Every structure is written in C-alpha cells, then in structure tokens.
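Across the two complexes that follow, subunit A remains constant while its partner is subunit B and subsequently subunit C.
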Partner chain A sequence: MEELTYIVKRILQMIPVLLIITFIIFFGMRLIPGDPALLLVGNRASDEVIAATRARLGLDEPLFTQYLLFLKQCLTFDFGESMTLRAPVTELFAQKAVITVSLTLMTIVFAILISFPLGYAAGVKHDSKIGSFIDSLSLTFVSVPEFLVGLVIMLIFALRLKWFPVGGWGDTLGERLHALILPAFTGALGTAALVLRNIRGNVIQVLDKDYVDFAYSKGLSPWKIRTRYIFKNVLISTVTLLAMRMTYMLAGSIVIESVFALPGIGQMMLNAILARDYSIVQATVYLFSIIVLLMNLLTDIAYSLLDPRVKLN
Partner chain B sequence: MAEVLLEVKNLHTDFITEERTVQAVNDVSFQIRRGETFGLIGESGCGKSVTCRSLIRLVKHPGKITGGEILYQGKNLLEYSEKEMRGIRGKEIGMIFQDPMTTLNPILTIKTQLVESLKDEKMTKKEKEERALELLRLVGIPSPKERLACYPHQFSGGMRQRAMIAIALASRPRLLLADEPTTALDVTIQDQIIRLLKRLKRELDMSLVLVTHDLGVASQMCDYIAVMYAGKIMETARAEVIFERPRNPYTYGLMRSIPSIAQKGKKLYSINGAPPNLNDMPKGCPFSPRCEFCEERCKKEMPPLVQVEPGHFSRCHCAEKMEHIKGRTRPEEGGALYA
Partner chain C sequence: MKKSYGKLLAVMAAAVLAMTGCSGSGTEESSGSGEQAGSAQAGSTDAAEETEAAADGERTVVTIARDFDSTNLDPVMTANNVDIWVLNMMVEGLVTSSDDGQEIIPAVADTWEVSEDGLTYTFHIRDGIKFSNGEDVTIEDCIYSIDRAKTADGPWIGMLDMIDTMEDGGDNNLVITLTEPSPAFLSTLAMFSSSIMPKDYCEEVGTEGLAENPIGTGPYVLQEWNRGERMVFVKNEYYWEEGSPKVDEIDMVVVADDSTRIMQLQSGQIDVATMIPYSRVDELQNMGGLTVNLFDSTDVRFIVLNCQNEYLSNKSVRQALNLATDKEAINSAVYFGHGQIAQSFLAPAMPHYKEDLPAVSVDVEAAKQLLADAGYPDGFDLTVEVGSGDSTILQTATMLQEQWGEIGVNLNIQQIDIATARQNWQAGEYDVFLSNMTSDMTDTSEVAGLWCISEQANCWRSYWDDADQDQAEELCRLGNSEMDEELRMDYYGQMQEVVADAVPVIPLVYAPFAVVTSDRVTGLAQTPLGIYNVKNMEIAE
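Now for the complex of A and B:
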C-alpha cells in the first residue's frame, strides 16, 4: 500500500516537470530563426501564399493562444497534423517509435551480453594481464565517439564483408532485425564499455566484502557464491546505470539513426527541426520526456526490488 | 588428554606481489585438542588472522600458504582439492568474523543464509526450515519465527553476530574459528557473545580457535594461548600459565598494558614503538627494537622457541632472566582484565 501511494505521488510530481518542459520546448522552438511556412512553400512564393500557409498552420494566432492549444494537445495526446508530412503526428510517432524502441532494446541486450561477462572477468582478474587488457579496451570504447565507431563497423561488416545492409530498414521482420544488428552493436559498444567498468569496480569491491569470505567458509559452491553473493550485489548499482544509459540511448538515437539511415524517431526529429516542423518537434520532445520520467520511476522500483534496504517512500 | 583435532606444523603463509614477498605467517606450529579453546593473540598485523584464515585455506589474495602442514584429524588439508575443501568448510570447520555489519549478505534473508548453510542433502525443505528456526533459538535470538524472514539490516549488531554464529554452526562443525568475534561490538554485547560462545562450545562439544587482541577476552575463554608477533609464535602455554608466569617480554608487555583498577591514578603502561614492518624486519629477534630486556645477541640472532617449563614455550634469549617476574593472576569468570 505504501508503495502504491509512493508511485501515485511520483506520477503526480511529473506534472510540473512536464509543464516546464512544454514551456521550454514551445518557446525554444520559436526562438530558432526560420519561418516554417516560408520553409514549406519556398522562397519564391508570394506573400499571399505565405500568409495563407501561416493561417493554415495556425501560426497567425497570438503566441499564447498557440501555447494553450499545445497544452491541450499534450493532455489529449492528439497533436494534430504534422506541418510538413501531412499526417497525424501521433501516428507518425507511433510508427517511428517502433524502430527506435527496437533499436534501443537490441542495443541494451548487446550491451548486457558484452559487459556482464567481460566486466565480471575483469573484476575477478583485476590484477592479471587479461584484466588490465579488458580494462584498457573498455576505456578506449568509452572515449571513441559513436558515429566514428559506426562508420568503421559499417565499413568492415557492411561494405567489405557484406554481412549486413549498409543502412535502412526492411520490410519483413527478419530483414528488420538484420538491419538493426550493426546500429545496435555500434550503440552498445559505448554503453557496454561504461557498464563493464562499473561492473568491474563493483566486483572488486564486493569480492573484498566479508560476506563473500563468510560464504566461502560455509562451503557454498562457487556458482552459488558468484550468483547470490557477488552478482546480485553487483547488479544493484549496475541496474541504475543501465537505466540511465537507456534513456541516453533513446535520446542519442539521432546519431546512430543518421549514420545507418534508420527512419526512426531520431531521424524524424532531425528533419523536423530543420524544417521547423513545430508540431512534430513539440510532440516528440513531450512524449520522450514522459518515457524518460516513467523509466526513472521504473528504475527506482527495480532498485527497491533488488535491494531490500531500499524502500519506496 | 583429549585427542588432537587439528595440528599445524611449520605453517608458512606469504603475501606475494611482484615487488616483494611478505612472510605474514612464519613457521607456526600448534595443536588444538577436542573441546579446547585455543587463543591466538597479538597486536594488529602480527599474523593471527592470517593464521586463522589459513586453517580453512581462505587467505585473501595475494596471500598464499607456501609451506607446512595442517592436519585435521590426521589428514593434511593442504593436499585437499578445492572441492574437497568445500566438504570441510562449514561442516567440519566453521568460521565467524569480526564485523557482523558486513559479514551477512545484505540482500538475502536470514532464513536463506541459514538454509543454504545446511549441507545435509537428505534434509527436506521443511526440515531445513525447522532446523533454521532451531538454530536461531540456540543462539538466543528472541521470537525466532518472525526473525527468520528478516534481512540483516533489520537486526541490531548483537543480533547479527548471533545470527552469524547460528549460520556458521548450521552444519555442526567440530572446530569453530572465531576471528575477533567481539571486537566490533560494545562491551555489554561483547560479554553476551563470549558467554554464548562458551555455552555453545560446551553444548555442541566443539573446539574453538579464538583470534583476539583483547587479553581480557582471551583470559576468559582460552585453555591454551599462543602469543604472536611479526608472523611468529613468541610464547605458548596453557592460559593460566601464561598469565601467571609470562616468560617472554612481549607477552609481559601486553599484560602490563592492560589498565586495571589497582593501578588507578598511575600512568598507563604501553610498549614503546610499533610492530616492525614485515617488509623490513629487524635482524635477530623481531621484538628486539622494542624490548626492555634486549641484549646484543637479540639484535643478531633470532631466538628459537624453547621449552622453559613443561608445556610452556618461549622465543626469547632472556627467558631465564624473567623467572622472577609474576604476571597477573587470571581474572575470575565474568570479571575482565579490562574492567
């Protein structure tokens, strides 16, 4: 019951945060020079056409009225039509979100598959050559920018070896999964390197804890000690980091989607910003903010489930 | 005399790094008999904890047992495989640690940690739970049924120490290694835990290795005592003998350092200096730089551990010079030297 009250309270606390976000994104977009109507119809259009377009887009209304309209849209989740794409924004978002969310999930899975075993090994063997090798390798991948890694990976696996498509999205499920592998791998490397370092540090710390020695002195099997004593304790802080990286990935999808020409949210955002498509940018930022806030809440819930010392209140 | 349960012969444990090798335990030998409490005492860093951990081969990295024998019921544990050692740990030799705050896994319930220590595979789940309950009762945890489902952070320090003891005793080991079991507790709880250990030892017919720097605790509990310094045993004898007739300046120094009411108003005694750095050991007797009996010979030659009277061994060139010295009589049950 206490937990439920806490969750409701947290959701209510999101309202002021979201309100501030709507304010920043609405007025922020309008501070960027460039008139969406002009960009839509082109430089050579007559003044009447431009004025008519402005009226059609609702840009001739007073700014405050436009803001209120946006707030109404935020409440109903109906963001009207895109200024440039002539389709309902909510529908566009849903379509593109499938790609970005699948990309993010696959990226997380890859990151976990890479970082968990390597991080654990690097922690256990931290004073051996293998340990320091993994450690320096991870440091490299923390530092190299994603777009560069993406290009190199593309060059090797798509252009040379032709194992994967250079970019784009497929029609069938198989094609789509195939198309996601390289971008997901690219995105995973940076996160995996960070998570690996976090796990390594935690493993070193936990290995030094008396409860691990106590577990050995009880004659428990190494498997039990690794899972129940070391890994579960390591996981507590790693889950927080993973969740933080997941929100970062959603937001960072712009870079990877551009490199691999994936028509996801990131690409849509980029195009919308260039075309000053206010409706898409506003809606996307707003919806993303909700996702990020919800994920933070989920992280806190997961944290309390993993660590009995943490209570939701 | 009761039979020998564990015999340590010429044990060497070194900490080996690329730069150097540190001899933390240097040629240590002793015996523990059935039902006996054996105390390893000395200052911090003298090797008593490492000796204790060596007994179940749980020396922290980069420590390594490099020589000697550990004979448990006649069999050399150093020849056992890691898997065979798992059969010894918990079941034959259990261990409890200093800090109850950090010795229990914070994310498992007390019940889980108790049940997983029960190594009898024939037991059903229900029987194991029964046994877990019984164990909590045995160590005197009130309302054990409710406590089983608790996590360690919901326990007080004393209760955690009791729970740790219950877990270590789950599979009824014949020998319990207690590494400073009372050091992290406040004095009233210390006394309770000492009484508890004494009772359990009697009831379960266990032997006990007690590692402590607290002579008061040692005098209350131990049958035999070995005083360690810089990785070596300096003096060993029955507890009452050591307390009455110390024949090693280090032991004597430790005893004189205990404040007592009789010396009220006088300046507290302390041994000058600090234990030597194990990287840079003095030539000769390791205690010589701090010793008030020190002679020229002590600075050059390591004294051997010699018998000064039957069953009483001391590592000192000047042991005879100490014959007139009286130690402190062993305090009464419950009364502590540190009172």
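Now for the complex of A and C:
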C-alpha cells in the first residue's frame, strides 16, 4: 500500500515538471528565428503566399492562444497534423518511436551482455594482463565516436561479410530484428564501455570490504559470494547508469539512426527542427519527457527491489 | 539475483520483439504488388536473383536512394527539389522537356500549332490517353489543371499569367490564347506545376490529398509512402507510350548518410544512389560494377553579396571581392575538380548562357587597389552565416576567409542553424551568403527574373538596387518577352554582362548532379533541372 501511494505521488509530481517542459519547448521553439511558413513554401514565394500559409497553419493566432491549444493537445494526446508531413503527429510518433525504442532496448540488452561479464572479470582480475587489456579496450570505445564505429562495423559485417543488411529497416519481424543488430551493437559498445568501467571500479571496491572476507572465512561457495555479496552491491550504481544511458540513447539516437538509415524519431526530429515543424518537435519532446520520467520512476522502484535499505517513501 | 537479471533481459528482448513486430508501418500493405514490393530496403534484394527474375518475365524492382524524403506532392504547392524531382514520375504536362533540357517535346498533347501572331496555341490531346486511375483525359481536365496552376495560391502563382482564355476547340483540341506573345509559354507548360490531373479527383481530395498522392498521366503511380522511409512507385498500366515504363516497380528510399548510401550500392541493396558527394566520385569511378553519372545541371553555386551593406553597396568593393575569389582553388578543394568554373549566374545548361563572358582571374593587387580607391585600404569585417552541418558551404567559406583575407577583408564564419541563416538572408539581415540554385524550367526567364527583376525576389535577396540593376532589369524584361531568338540571346547576353560587372553575386561553380548506378540498371536520366526521368530505365541483360 505504501508503495502504491508513493507511485501515485510520484506520478502527480510529474505534472508540474511536464508543465514546465511544455512551456520551455513551446516558447523555446518560437524564440529561435526561422519562419515555418517561409520554410514550407520556399524562399521564392511572395509575401502574400507566405502570409496565407501562416494563416493556414494557425501561426497568426496570438502566442498565448497557440500555447493553450498545445496544452489541450498534451492532455488529449492529439497533437494535430504535422505541417511538413501532413499526417497526425501522434500517429507519426508511434510509427517512429517503435524503431527508436526497439533500438534502445536492444542496445541496452547488448550493453548488459557485453559489460556485465567483462566488467566483473576486469574487476576481479584488475591486477592481471587480462584486466588491463579489458580496461584499455573499454577506454577506446568510450572515446571513439559512434558514427565511426558504425561505419567500420557496417563495412566489415554488412559489406564484406554480408551477414547483415547495410542499414535500413525491413518489413517483417525477422528482417527488422536482423536490421537492428548492427546499430544496436554499435550503440552498445559505447554504453558497455562506460558500464564496464563502472562495474570494474565497484567490484574492486567491494572486494576489499570486510563482509566479503567474512563470507569467505565462513566458507560460503565462491559463486554465492560473487552473486549475493559482490554483484548485488555493484548492481545498484549500475542500474542508475544504465537508466541514464537509456535516456541518453532515446534522445541521442540521431547519429546511429542516420548512419544505419533507420527512419526513427531522431531523423524525424532533426528534419522537424530544421523545418520548424512545431507540432512534431513539441509533441516529441513532451512524449519523450513522459517516457523519461516514467523510466526514472521505474529505476527508483528497481532500487528498492535491489537494495532492501532503500524504501519507497 | 542472477535469475532476476536474466528475467530482466528476457523482458527487454520480448519488448523489442513485440515492438518491431507489431509496428504499423504507416500506410497499408501494398496490395497485388507481389512479394518483392517493399522488401528491397532490408537487404533481401539480391541483384543476381532479380536479374534472373527479369529474364523470366517476373516483376522487376529498382531501388533508388536519396538523402531526403519528399514532403508535398501537390505540383502547384511545392517549391522543394525533393518533391519536384520525383513529380514527373506521376504527372505530366501538355508538353515536357527533353532529357538534355534543350527541347520541348510532346506529352499529354501529341501535337500543337501556334498562330502566326503567336497568341493562339492549339494543342491536340493524345487520342485515347488515360490517367493512371483509368479515366480518360478530357479537355475539361486540361483546362481545370492549367487554371489551377495559374491561380492556386502557391509559390508558382503568376507564372501562367500570359494566358488569356482556354477553350475546347473540338476534336480533342485545346485552344489557349495569350494576352501577348510569350517565348516562355511552352516551357512553363512543361513545368511540373502545369501538370494535367483529373478534375474530379482534384476536387474530391483537395490540395491535402494531392500533396499525398497526385494522379496524372505519368509512367508511375505512387502506391505506398512511409514518411521519411520509402516511396513505392508501380507502373502505370495506362501509360500512353508503348513499351514504357520498363521497370515494374521503383522504390525511392531515404538514406540520409552519404557513406551508408554508397555502401548500400556496393552491397547491391540499392541500385541507384543519388546526391553523391564529389569527394567520393573518383574513388567510385575506379570501382567495378558501378557507373558514376555526372549529369549536366542548372545548379549554380554562388556567393550573394548584400548590396545594402555599408561596404558591399560599393560596386568597386564587390568587384574587389570577385577579383580576390579563387574559383579554381574552390573547385579543386571543395568540388574535387568536378565542378565547372562559373562566370555567369546562368548555367551552361540554360538556353541563353553567355559563353564568352570575360573570365575573371584572381588578381590580388588589382583587388587591393580597388579597395583602396573605394576608401578601404585597410579592409573591413564581413560575416558569413553557414548552416551547421553543411560541409560544402563551410569548406567554401573557410577558403573565402583565407582568399579575402589577402586583401584585408576579414570574413567571420558563423555556424548557425540553416533555417535561421536562410531567414536572415531572405530578410536582408546578412553580409554574405553562400547558396545555390537550380532552374525549374527550361526557359531562361525564371532564373533571369529572380536575379534581375527587383520585384520578383529583390534580385534574389541581394537587394541590389542601383543604375546597373535598372539596366539589367530592363534587358531581362526585353528578353522575357522577345520572340525573336537571336534578339533574345542578345538581350540576355547583355544582361549577363551587366550582372557580371556589377557583382551582386559571385558565381563560383556549375555543379553536376552526381548519381551512381549499379551496372544492373541502365537508362536513368536526370535532366539539367534535376528531374529524374525513370521511364526508360531498365534492368541490364
């Protein structure tokens, strides 16, 4: 019961945050120069045509009226039509978000698969050659830009070995999963490197703790010590890091989507910003904010599951 | 703990599966277009397999990749090349332009006659010609479409103002009378904006519907459009030309990244890659299995100088900057030598390009002298706004910074959002702007008017307005209405001389359209206007 109250309270707390976000994104977009009507009809259109376009798009309404309309849209989740793509924004978001969210989830799965075993190994063997090899490898992947990694990976696995398509997004489930593997792997390398370094550091710390020595002296099996005593303690900060990276990936999918020709949110958002397509930018930022806030909540819930000392209140 | 970690992974994997599987990809699944419709992008298209399929008389599919998706396909409402260049796959005018852009050739009308006074045009509509929806093309449709092109409140309003009346002349003839003889009339009818569309359909769906799916007499029909991802065009079964189009389906896919587009071509995933950066042309030319096409274009890359600027309002200053600009160096460094050095603001692919304009060669001393005479021996500061992410423009700006620096002009490069930069340029709030332009019609009058007639676009936003401009405008107007071809060339030639001398714009290079095709495909053309002509494209044997 206490947990439920907490969750409801947290969700209610999102309302003022979202309100501030709507305010910032609405007025922020309008503060930057660039007239959507002009961009839509092109530089050679006459002033009358531009004025008519502004009226058609509802841009000649007072700003405050436009803002109220946006708030209403936020409540009903109906963001009207995109001025450049002329399709309902909510529908467009749903189509594109599928790609970006699946990419992010697969990236996280890969990042976990890579970083957990390697990070643990690097921590336990930190004074051996293997440990320092993993360590320097991870440093490399933290610092190499994603587009470069993506291109090299694509060159090897798609162009030379032909195991995967060179970017793109298929029609069937199988094709789509297949198409997501390389971009997800590319994105996972950077995240895995960060997470790995975090795990390694934590493992080294925890190894020195008295309770670990105590567990050994009690004669517990090494497996039990690793999972119950070491890994569980390491996991808490790792979950935070992964949650942060997930937010970052949702927002920063543009590079990988561009390199791998995935028609996701990143591409749509970039084009919408360039064309000053207010409705897409506003809706995307708003909806992503909700996703991020919900993910933060989930992270906090995950804490309490991982660490009995953390209580949801 | 190990267990729940495994569970978490499983949940995430399930989520990925569920999302990728259940996604509605926008429009309905293509119906009756066979299995291959739309599977090309994900790499399931195997070139060899398809060549075999072609030999068996099965469906043939060609995949073309470009960097941006279209946005609005209503011919009278769009001014964007991403729309314009694909429109003629779906719609055609009474006439159209040849692949080399030099001739007006028949399309919906198979013949036409012009009265001796040049005022009455009689177009014979091709017997039996149908729209892609199976309906006959009527004179009423033609009158409706051209009237719509003339009056619709879009970027092309005014282009057909020379039309006085249109009427049904009987025997499938459309009679158009003009208010005055117009040398540009046929070229304007050949523009995408003058395309013939069915009246009923247009009225039913309105401009919003046409923006999504225009219907016309073009060789292809837009069957499916996933925004930002792919357009699927299938053969128009009613196309008037015997044996054309040759390919059953054309998939136009969006691959924003240049390197990815090229890799997809190398892997056989796509057949045609457009908008290839010039830096990759030499390398691709040496690669087997590919053909690099550098199509002649009307694309001129230029520097616009704000003639209302404190310094740039002085003609000598503008001439000095022109003398200090090393176009050769820019062409070899930025365009890898694939451009052609420009002297005129009109491209050689335009009919009235003046070949013998005096070539301006770099002369730093003369430029310095001009600046000193103008009262700026120590130079001054100018700012150029560069759209962030546009590497060609940025490289050009960086070279100009160095070249103009030699005569004491300090060019500050500001990288800002491209939409803002364009807006500032449009509003005249800039010093120097780097841009390019392609013509939308085969006639000279459009581009000439933009650069010389003040009221059209304030001399393409250079806000050039002095005695030279008056002279250029007068010559331009004379050229725009002169029916005698020799005199017309003369007027436009003088006009180009005036502009070259007054320098409201420094033309840099004429840039060809770089399109790479796999050897599996032949017959693709891109006209100097940029329009893709795909109807003669076929799968090589």
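Quick notes
Basically, the second predicted complex is superposed on the first by the 313 of 313 C-alpha atoms of A that agree within 3 Å, B and C clash if a C-alpha of one lies under 4 Å from a C-alpha of the other, contacts with A are read in each partner's own complex, and residues count from 1 in each chain.
Quick note on the criterion: contacts are C-beta pairs under 8 Å (C-beta built on N, C-alpha and C of every residue); 3 or more make two chains touch, one makes a residue touch a chain.
The shown structure was predicted, so the numbers you read here are calculated from the model rather than taken from an experiment.
Room for both subunit B and subunit C is found when the two structures are superposed via subunit A, with no clash between them. Contacts of A:K72 after superposition: neither subunit B nor subunit C is touched. In the superposed pair of complexes, A:K9 makes contact with neither subunit B nor subunit C.
Of the two partner chains placed by superposition, only subunit B is touched by A:K209; subunit C is not.
Set against each other, subunit B and subunit C touch different numbers of residues in subunit A, with C touching more. Of the two partner chains, subunit B is the only one that A:Y229 touches; subunit C does not reach it.
In the superposed pair of complexes, A:L39 makes contact with subunit C only, with no contact to subunit B. Of the two partner chains, subunit B is the only one touched by A:S217; subunit C is not.
In the superposed pair of complexes, A:D307 makes contact with subunit B only, with no contact to subunit C.
Shortest separation of subunit B and subunit C in the overlay equals 11 Å (C-alpha atoms, whole Å). Residues 228, 232 of subunit A contact both subunit B in one complex and subunit C in the other. Taken in their complex, subunit A has these residues touching subunit B: 127, 208-211, 213-221, 224, 228-229, 232-233, 236, 306-309.
By the touch criterion given at the top, residues 1-2, 4-5, 9, 12-13, 15-17, 19-26, 38-39, 41-44, 68, 71-72, 77, 79-80, 153-155, 157-158, 208, 211-212, 226-229, 253-257, 259-261, 263-264, 266-267, 269, 417-420, 422-426, 450, 456-457, 461 of subunit C touch subunit A in their complex. On the side of subunit B, the complex with subunit A involves touching residues 56, 58, 60-62, 85-91, 94-95, 97-99, 102-109, 116-117, 119, 151, 153, 164, 167-168, 170-171, 177. Across the complex, subunit A meets subunit C through its residues 32-35, 38-39, 41-46, 48-49, 52, 84-87, 92, 94-96, 98-99, 101-102, 105-106, 108-109, 112-113, 116, 147, 151, 154-155, 158-159, 162, 164-171, 173, 175-180, 227-228, 231-232, 235, 258-261, 263, 267-268, 271, 273-276, 305.
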